[in-house]
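This is the structure I want to talk about, given as structure tokens.
Per-chain residue numbering starts at 1, and chain names A, B, C and D are given in the order in which the chains are listed.
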Amino acid sequence: MIRRPNQTRTIILLVAPAFVVVLVFFVLPLIFLLSQSVTPKEGGYTLTGYVDFFQSPVSRIVYLRTLKLGLIVTGICVLMSYPAAFVLARMPARRRTFLMSLVILPLMTNAVARTFAWLIILGRRGMVNQTLLSLEVVEEPVRFIFTETAIVLGLTQLFLPLMVLPLVSAMENIPDDVLEAARSLGANRLTTFLRIVVPMSSDGLVLGATLVFTGSVTAFVTPAILGGARLLLMSTLLRQEAVIVFDQHAAAVVAVVMILTTLAVNLLLRLLRVRQV
Amino acid sequence: MPHLEIHNLTVSYEKNQPTLEQFSLDVEQGELLSLLGPSGCGKTTTLRSVAGFIRPDAGQILINDRDYTQLPPNRRDIGLVFQSYALFPHLTVFNNVAFGLRMRRIPKKEIHDRVTNALEMVGLDAFTKRRPAQLSGGQQQRVALARATVIEPQVLLLDEPLSNLDAKLRVDMRQEIRRLQQQLGITTLYVTHDQVEAMSISDRVVVMNQGKIEQIGTPESIFAAPETVFVADFMGFDNHFNAAVVSVQDRKLTVDWGGAPIELRWRSKFGSPQRGARAEIFFRADNASLLAGPEASGLVGQVILHTFHGNELRYLVETEIGEFSIMQDSASERFEPGAAVTVQPQPQKWIAIFEETEPYA
Amino acid sequence: MRSHRFIMLLLAVLLLGAVAPMAVAQDTQTLTVSIWGFNLDVLEENVFAPFEEMHNVDIVLDTGNNSDRLARLLAEGENSTIDVVHFATQFTYLADQEGVLQPYDADKLENLDELYDWAQDPLGNLAGVGYTVNSLSLIYRSDLIEDEVTSWADLLRDDVAGYVCIPEMSTTFGPATLIMIDRALAMQELDEGEELGAINYDADAAWEALPQLADNLVTTYIRSSALTTLVQEEEVRLAPYASFAIGNLMNTGHDLTAVIPDEGAVGQTNMISITAATDKVDLAHAYIDWFISHDIQEAEALDLIDSPVNATVELPEDICALLTCGEMLDTMIVLDQAEVSARLEDWLERWNEVMVR
Amino acid sequence: MVSRWMYISLVILYGFLLGPFVIIFMASFGANATMAFPPQGFTLDWFARVFETSQFVDSFWISLQLALLSTIVSLVMGMPVAYALVRFQFAASGLVETVFSAPILVPGLVIGFAMLNFFVLLGKMPVMTGLFIGHTAILFPYSVRVISASLRNLDPYVEDAAVSLGANRLRGFLLVVLPNMQAGIAAAFVLGFITSFNNVPVSLFLSGPGVTTLPVSMLSYMEYYFDPTIAALSTLLVAFTVVLVQTAERVLGLSQFV
């Protein structure tokens, strides 16, 4: 960064155009959304929308279910990514580059296509059921679609890369020397992993967890396809309020709760990161 | 008439915290002048003000008697060499050097000749088609030099040009820079924090501290006779102690320091010191010798440790007025830790500095 | 380095290719039609293409289910670009209540007189013209369900648990399904020889049974197509279905039996209306008139898409059997939209409370 | 340090990440119209169906136009912002950074919903315009972040060098900074393009009569039909993405920017 006096005008010229666009077409709509959430059809300003949201069994169940599934997905992602990320981080650069590009691939493919695969895998005549039937584990095909299991699986596949990427880049920064030092001081592999690798990569873990959790609790396509009309999450509830029940006030409340949840999680985990440093 | 004049320059990045305050400096035609000081002393700010990247709050910059102060940097005709070299990564060596000439709309043929010539001067005529990333640090430095000088600027500015090179290359390069500068006869402002570099390359050196000039002079005068505590510190006077003035003669004074009284040169910004004043006394490690056992002629002390430096041994000696670092020829008598010794001064090379406002008791 | 330049060039070419078509201005008039995204290829051939040619107009489609499209229409209000809308009666009623429709002018519809009386103005306030009729009854996998399905109450049976799918409350047939289950439960309570009374729009008994029904469900469906898919994928074995989906359901190749339950089928008219926002009133009328003309009604019926409401259309027996026509038109139960709509908001909430668990 | 069971975890991870793609790939060649597993027979009919389905072809072009246009506009407008953030210290830089990263923090569905309501408030706006504005706004975080990263890798003094050699600020930027940001710009472009091209939640609300993006039309197609056409289309899109991402990764090192 070069320090230069008298730069205010230049900065304003550079930033203003895009800033105005974001302000008018992004920030303003959100402010309008916020105002919608406190102005019911009957008029006036009130927070009853929020009170209703947390009192109504429907939205409460949906909200808690969304958080629950978000936690489960995050947990599974952590468990699946941690050892694998370690292997990736210790690999020769060329092989790692190739494997990392495969991790990115799902991120770059549209969610509809990715979720569609789970319908084929989990259907009554899908891969899982065919396998279970032929192994005679079950007699009748099991229903997976429109269950929480299906949503969790779909979301996990969707967001796994967002856990792997930060973990790998955090672990890349752990020097081999440190691990060797731990081993030389008498730690076995597992201890080294748990007491050296995990704490040293906690930044990546926290970042990954933030991304996965917020992604999971706000994803739309997966719950829409794998949850169906009945097994609602926050996002599908928002859509339902907005276009099926056309209650814009209630939909705005759901939307604001979603924003606040995302922000809260971001802040919370950011604090966690700061404290560790 | 000086070639480059800086008058009362004041620059502040933040309000009421000037980095430079009322800074004035003259540089003669063809002179190489170094700005020497620790980081944050304002030397780079001075340089960037001359280059035009910083518009000063007050003051003037004149080159050849022409006022440059309000001129934008691209119209100043000044060659600038950066610490990072700042070569254009996407251009070949040739195109890097040709850049300034192209900006000046020089005919193609002439560009070719001048660039080739400039690259020959720095010994890179065989590398014209390479890109910066394919060159070594020293080679990049030469390209930066060629690029800054090929435009035949009024003034050449170099900002810590050697700090990214290893020690050996640094010595070679500073000779090269000096040779080129003298060959072209170009007025040059050279910024560095390395006193050895500044000493070896400059016609004159300006030691700066906190936006102000501490001392201006030839390398020899600054090396031998620092005028302020800061300069003495910065110029590598390893040892330092306080002593009371016993008597003051015309150019010398006598101090009481624990050994036999010694006669020293002195410097003061506040007129002649009086008897009884406290003097700050500085000397270099090689400006004293060690004698075995206590002797009345010097200061009695005890060896704490010694370290080997090839031709020399460096002793750390504890005395009643502090610890001193003393350099001895390694061929001379060796003292082990714990040995009692006498520090024998070479007072003609020591210096007493008076800086506090009331040293004249 | 060279490859970067190549990519830049490629991007530039792509950009030009993408932007160029946008610059081409469009001269022809457009008519924006809001309709279900179902059977669009057949509609294109039978209805849209000839109409576009006749009137030198481009038909732009806004597709989605009833509630999706209604929501958008309500949100956009006066700014809507939609000229005509196809809705089920219930949604025409809701749209009309919100004032986003304009009454049609009977004088501009030459073919109006050919329609059955009940189709000419189903809501009685010129909010729209009925252009097809359909009905809700039950369909089931006769190869996998042993006991015959004969009643709406069979949706509650234990042997179909985990294989039932019913329409969402927010859809046309959501309330109808519940009302019919209520009717079936009432019938079970009847003494020998007693007659079933008028429709109970409160459907208390059905509401009481809803948690039990919910346990039987795979899921609920919003679109008939979703039901077709679920039947095809063997997720569903028993479901109420809308008559217009029969072709697709039969195409799944499974052993399906359609039954009109003892309590009867529910009839429902789909309507075309003109939006309040449109300024193409004449073109909109022409579109409606075209849709209810003898030829279109017949073509649509023969393709098993829409059951005709034009009385001049005469269909062969086998076609008629697959559609809502002939005798069925006299026996089907038609619900009072005012009664249904009055309860809808409350019902949606109660429905969600049961279904969300 | 790396033990065998860790390799097993790698295999599981990749199985989970890529398995679904294999399934889609297989399904898209299966001869029967249902999605029963394993698929029987072999046919290319479903691929033909993709190109015959006008809803896909039309929405593909719309998605392509939309992605190109909004990516380019967000790049052109985001670049000065990134430049200001990287090259200058200023009091409001925190605020600017927050505002420009906000579209990533706010759930896409909420953005779409809020924009729809807001645009309706503004009056009659063509659907494409609404989509274009929405997509441009959500791409800003990517373009600002990636270009900032690439600017940070460039010695800030090269601009001063150009200026000291006689170029004015703008020329210095065009001749020296821009050429050295090619890789970053291209990476930002690819990332922005893919983000816009795949976006569902914002497009879902902002799509309108006759103007639907490809992912949204896939979603609505799935609500009406359930046949391998979607699998075939997905296979095509995955192939398209693989080519794009692998090229970008090889040439630009995309993963460092994600």
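Quick note on the criterion: contacts are C-beta pairs under 8 Å (C-beta built on N, C-alpha and C of every residue); 3 or more make two chains touch, one makes a residue touch a chain.
Worth saying up front: this structure is predicted, and the values here are computed from it rather than measured.
Counting C-beta pairs in contact, the chain pair with the highest total is A-D. Nearest to the common centre of all protein CA atoms is the CA centroid of chain D. Across the assembly, the mean Cα position most removed from that of subunit A is the one of B.
With centres taken as mean Cα positions, subunit B sits 57 Å from subunit A.
Once the centre of each chain is set as its mean CA position, subunit A and subunit C turn out to be 36 Å apart.
If you average the Cα atoms of subunit A and of subunit D, the two centres end up 17 Å apart. For this pair, subunit B with subunit C, the centres built from the Cα atoms lie 88 Å apart. Of all residues in subunit D, those that touch two or more other chains are 34-36, 117, 157, 160, 226. Shared interface positions of subunit C, i.e. residues touching 2 or more other chains, are given as 72, 75, 222, 233. Counting only residues that touch two or more partner chains, subunit A has 2-4, 119, 123, 125, 242, 248. Interface of subunit D with subunit B (complex): residues 154-155, 157-158, 160-169, 171-172, 175-176, 179-180.
Looking at the complex, you find that subunit D touches subunit C at residues 34-36, 55, 61, 64-65, 68-69, 72, 116-117, 120, 123-125, 127-128, 182-183, 186, 189, 208-210, 220, 223-226, 251-252. Residues 3-5, 7-8, 11, 14-15, 18-19, 21-22, 32, 34, 37-38, 40, 60-64, 72, 75-77, 79, 81-82, 222-223, 225-226, 228-229, 232-233, 252 of subunit C are the ones touching subunit D in the complex. Per the touch definition, subunit B reaches subunit D in the complex via residues 51-53, 72-76, 78-80, 82-84, 86-90, 99-100, 103-104, 147-148, 151.
Residues of subunit A that touch subunit C in their complex: 56-58, 61-62, 119, 123-125, 141, 143, 145-146, 228-232, 240, 242-246, 248.
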